[in-house]
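Presented sequentially are two complexes of subunit A, the first with subunit B as partner and the second with subunit C.
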Partner chain A sequence: MSYRRRESPLHAAGALAGCAYCLALAAAALVLSSPLMLGAVALAVLAAAAAAGVWPELRRAALWAVPFALLIMLINALVVRDGLTVIVRLGQLPLLGYTDITLEATVYGAVLGLRAVTLILCGALYTTAVDPDQVLRLFRRVSFRSALTATIATRMVPVLIRDSRRFAEAQRCRPGAPPSRLALMRAASAGVLDRALDIAAALEVRGYGAARRPPRAREPLSRHGLAFLGSAATILVLGIVTRVAELAPFRAYPALHAPLGAATPIVAGALVACALLPFVDRRGVQG
Partner chain B sequence: MSVLALERVTYTYPGRERPALREVSLEVEPGELVVVAGASGSGKSTLLGVASGLIPHFHGGRFEGRAAVAGMDTRERGPGELAAAVGTLFQDPETQVVMGTVRAELAFPVENRGYPPTATARAVEEAALALGIAQLLDRPTSELSGGELQRVALGAALAGRPSLLVLDEPTSQLDPVAGDELLGVLRRCNDDLDVAVVLSEHRLERCLAAADRVLTLVDGTVACDAPPAEFLAWAIANAPEMATPGARLLHGVGLPPAAGVRAARRALRSEGLGRDLVDVSPPIPRMARRGRRAEALAFDRVWHELADGPVILRGLTVAVAAGERVALMGRNGAGKSTLLRHAAGLMKPTRGSVRASGRVGLLLQNPNDYLVHETVGGEAPPAALLKVGLEPGLAERHPRDLSVGEKQRLALAIVLGDPPAPIVCLDEPTRGMDRGLKEKLAVLIAGLDAAVVVATHDPEFAAAFAHRVILLGGGRVLADGPVDEVLTGGRYFATETARIVPGALLPEQGVAMLAQEAALR
Partner chain C sequence: MLARIRIALAAAVVAAGASGCGLGPGPGTADVTLTVTRDFGSGQVATITRSKVPGSETVMRMLERSLRVRTRYGGGFVESIDGFSGTADRRDWFYYVNGIEAPVGAASTVVHRGDRIWWDLHDWSATESIPAVVGSFPEPFVHGIGGRRLPTTLECADDVARACSQVTNALDADGVPVASQQLGTGSGSDSLGVVVGTWADVRDELVASLIQRGPSLSGVYARFAGPGELQLLDPRGRVVRALTAGAGLIAATAHYSSEPIWLITGTDPTGVLAAARALTPARLRDHFALAVSGSSDMPLPLDGAT
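After this line comes the complex of A and B, so read on.
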């Protein structure tokens, strides 16, 4: 999974707006606890991915994240003793002791899992829709080396994936019993170190070691940049107001409390609409 | 002022006792194009490392003497500072492109020097136009071919307008067409921008014609520093493995060597030789006849179509007989590596079938990928080590301490196994090898009692070992025939001798043909 320029409003918005948009969605997922609101944020991210042309990448990320979410739910249900509604009595278990599975712990585990999936999707949307080179340019005045490290880490992912495929193929070509896992790990690590040295040498000869703080550059914001910055600000405000004003209340313990008033679906709908509105305007999406 | 000046430079890598460079003194003037020649391990890359400042700042070690780039002492200035005066290009295009898009890659070295955005944008545009990559500017670097990536890396090296360009075997990972394109671009930059170029290259026949000087390293010392023709005369007398096929051909007919095909043809014409041969139309290679010998490996209407992607192999039908040695040639992306992977069962055809009479040993491009054990003896059985000519004394050595040629042999021993595989496939086994190592590998391949299929870009190497050449293009067979037919009938996929004397594959054949022509006259 890596960035590739596509003809979408989000790709045309630039790094500042793209970062702000993804961060706002992630922040909303962090401040909201209501399953409906979290679902709305996840839906907004997936719909944004589809509108930005990165749906296959996010689908893959979601498929990877769902088992992770189920694991969170399972662990929470097994280890949390809170909650009044017992749904399964497992009795005495090794390490865990006397274990009752409660509805509250299971639902709260599911909410935590949904939040984790949503955050992973936000990360995937950022990776596929925000140009890392522009991010480097954006942050290089603040912390050039950190920004460069992050950019190169992104760039190295496909290189290392190709290396590992090549390495695996070479091992399949060996006749007889395959080498031990330890030997393979040692060799793979040596290969990664070689790659890191090559990259470091390339950076040196491109002048990275003597890099100077660049002059301030002001890029005018495109219509898409403005739209996504506006969207990000609205999502953030909506999330905070919903939390502070308890427009979508949710409490798991000791007993589930999630009253579905008129406000919750309205706010959820507003959040999704807010996230998707910038995609309507497709003028100048080629950048 | 010289753009590069070395005074009695001696350099030893950390942990080594033997110096990689010894008492090297040289000067490179502005606008010069200097080719650095020498066998693997002779110190070429080390010399280029000194010029770029990576030695001693990046690699450490013991450095004696003085090196100056554009007047800057390399002991006082690191590679980052020297980057303002020297652009560097390495072998592997994959690991020297660090940014996500071509535009960002070209801008990176300029931005590192603190240029304002307008100056950066101009430098990027000019570098892109100079290298003919303006159409690539907004492409992601992850989607570029090896040749394109190498041109982008050259662009990044040139974007800061250096006075010296240092290139370490930049074409070793490219096919002949992409390699020639890169050298052409390099020559144009040398002419138009007056950039001095120091270039190390094993396939000298490709770059000598453009060179002003050839600097030859033997065991870390300068053995010869002379114009190309004088270097070739020196090589014929002192280091025949460095002499180009064209030089050997001219030497064979008693003429002084000349660099490049055009100069060699001119030299022959001036002596009244080769006139009747120049206009010979290239022979059309016939398709190989099948069924004479038992088939060891057969591809029957093999298709390989990528999901959501292009077609790599298009109904390819090829058979290789037991004991036959086949060179598989073609541009990058022609389908050579895919075909070999199908032979070894690493890939399955989307249509068609592959049949093999026994185990297929496949040696992929990077021998390091096979080396996972702590000792050479742990990697391959003794019989296989013996078969590839690795001495028993090496059994306790660490595989990564071996030389390039020894690693290649060890990887070959691993895939051969014991009992040895009856079918052996090798994918680009000569990358980064000098002519001497290639000749040894050709002898080794010829000595294998197996059907051998080798994907290679190197016509001279193919001529040295193959019975037959299959030329692939766009997933189809473009030509299939005996080596002396296919490799004498083209420009890119032809030996240098064939380009000088049409119809002759090797210098010895060329000499015989010219002698025959002279006798007839």
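After this line comes the complex of A and C, so read on.
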């Protein structure tokens, strides 16, 4: 999973708008607790990915994230003692002691899992739809080295994936059983430090260490950039207002409390609409 | 192979059922009382009696079902009840079931028929543990510990026959048969002990030696300075009052995880008789321990201003 320029409004929006858009969606996922609202944020991210042409990458990220979410749900249900509605009695368990699984702990675990999936999807959308070089240019006036480190760090993952593929191809040429994924992962991660040193050496040779703070360069925002910045601001405000005004109330403990008033579906629909509206204008998105 | 798997699965299901596992909350229980107080029972917060209690009810679940509760550490530790919260200066919520400090957290303590659950917000600077309290009388004698009623042994000194008879009658009135035995025999494990005698008579008993070593070991905020003086302590363990002739004490304590022992004692036989007469649910209600002098009751620990 890495950035590749595609013909989509999000790719055409620029790094500033792309970063703000992904951050606003992630902030909404962190601020909101109602399952309906979290589902709306996740739906918005997936729909945005489809509209930006990065659906296969996000689908892959979601497939990786769902077992992780299930694990969070399971751990929460087993460890948390809160909740009044017992659904499974497990009695005395080693290490855990007296354990009852409650509906409330299970639902809250599912909410935490959904939040984790949504945040992973936001990260995946950022990785696939925001140009890391533009991000570097964006932040190099603030802190050149930090921006460089962050950009390289996000690029290390695709580099390691390519390394793994090369290792796999090389090992397939050898006789005997094909190597396990674990062996490949070990080989790739063992080379992380070497790869980092390679990159550092290359940067030094190219004079990155002697870089000075670049002069201010104002780049005008495109029509798409403005649309995504507006969308990000609206999503953020909507999330904060929903939280502060309790438009989508949700409480898991001690008993589930999630009254579905008229406001909750309206706000959820508004959030999805806000997130997708910038994709309507597809003029001038050709790369 | 398939048959073996089926047998293993059937065995697992049977084992799970036998160990209390299952779907849903399971069968409920009845007649449980929940009392919430602060400052060693001196301030009442709530008293709730439930004639029917749902299955798999734990002390924490019953509390959360009845009152506004805030918890920490994954629901294992009570932070506040009905807005009353613990503070950083060693003041927290503690709970007792049938007058006995539970060895595990409230989320792991299952509620049984007839249990008296008592939550109290108090200063624990003098002791982190108060193994037993008398304020749930006639518990633990009637419904026992963990849903299991235990036999009660009564040890009386020779010079307090009237007090001994008073204690026997008080326990009889609540349907608790007692087995009388020689002073110094000890109640043994799996039984509740009641020791009656003047301080001079009982000072060599285990329960007396625990009390004499102060609240940090016994959880009882009183001690004797010789056989003729009963010192009453405040929540910080400081002596705030001394009683002499005619003073009595009802207290309960336990040695580590053994069953609690009740001590009904006094500076002299008059004091012991006064303490024995206080062995009623009304006079002991919500007190950690009780000192008596004549007809006046002094719940312990004693407020420093008293």
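Quick note on the criterion: the second predicted complex is superposed on the first by the 259 of 287 C-alpha atoms of A that agree within 3 Å, B and C clash if a C-alpha of one lies under 4 Å from a C-alpha of the other, contacts with A are read in each partner's own complex, and residues count from 1 in each chain.
In this text, a contact is a pair of C-beta atoms (placed from the backbone, for glycine too) under 8 Å apart; a residue touches a chain by one contact, two chains touch by 3 or more.
Computed from a predicted model, the values in this text were never measured in an experiment.
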Touched partner set for A:Ala27, first subunit B, second subunit C, both or neither: neither
Partner touching more residues of subunit A, whether subunit B or subunit C: B
Subunit B versus subunit C as contact partner of A:Leu36, first or second or both or neither: neither
First (subunit B), second (subunit C), both or neither touched by A:Leu74: neither
Contacts of A:Leu236 with subunit B and subunit C, given as first, second, both or neither: neither
Contacts of A:Ala202 with subunit B and subunit C, given as first, second, both or neither: first
Contacts of A:Asp131 with subunit B and subunit C, given as first, second, both or neither: first
Contacts of A:Glu169 with subunit B and subunit C, given as first, second, both or neither: first
Which of subunit B and subunit C A:Leu226 touches, first, second, both or neither: neither
Touching partner for A:Tyr98 - first (subunit B), second (subunit C), both, neither: second
Residue numbers on subunit B that touch subunit A, as the complex places them: 52-54, 57-58, 78-81, 83-84, 86-88, 90, 92, 94-101, 103-104, 108-109, 111-117, 138, 140-143, 156-157, 160, 341, 344, 346, 359, 361-366, 368-374, 400, 414-415, 417, 421
Subunit A-touching residues of subunit C, taken from the complex the two chains share: 19-26, 55-56, 58, 60-61, 64-65, 69, 71, 74-76, 104-105, 107-110
Parts of subunit A lying in touch with subunit C, wherever the complex brings them together: 79-92, 97-98, 100, 105, 253-254
In the complex with subunit B, residue positions of subunit A that touch it: 2-5, 131-133, 136-137, 140, 151-152, 154-155, 158-159, 162, 166-167, 169-176, 179, 183-184, 186-187, 190-191, 194-195, 198-215, 217, 287
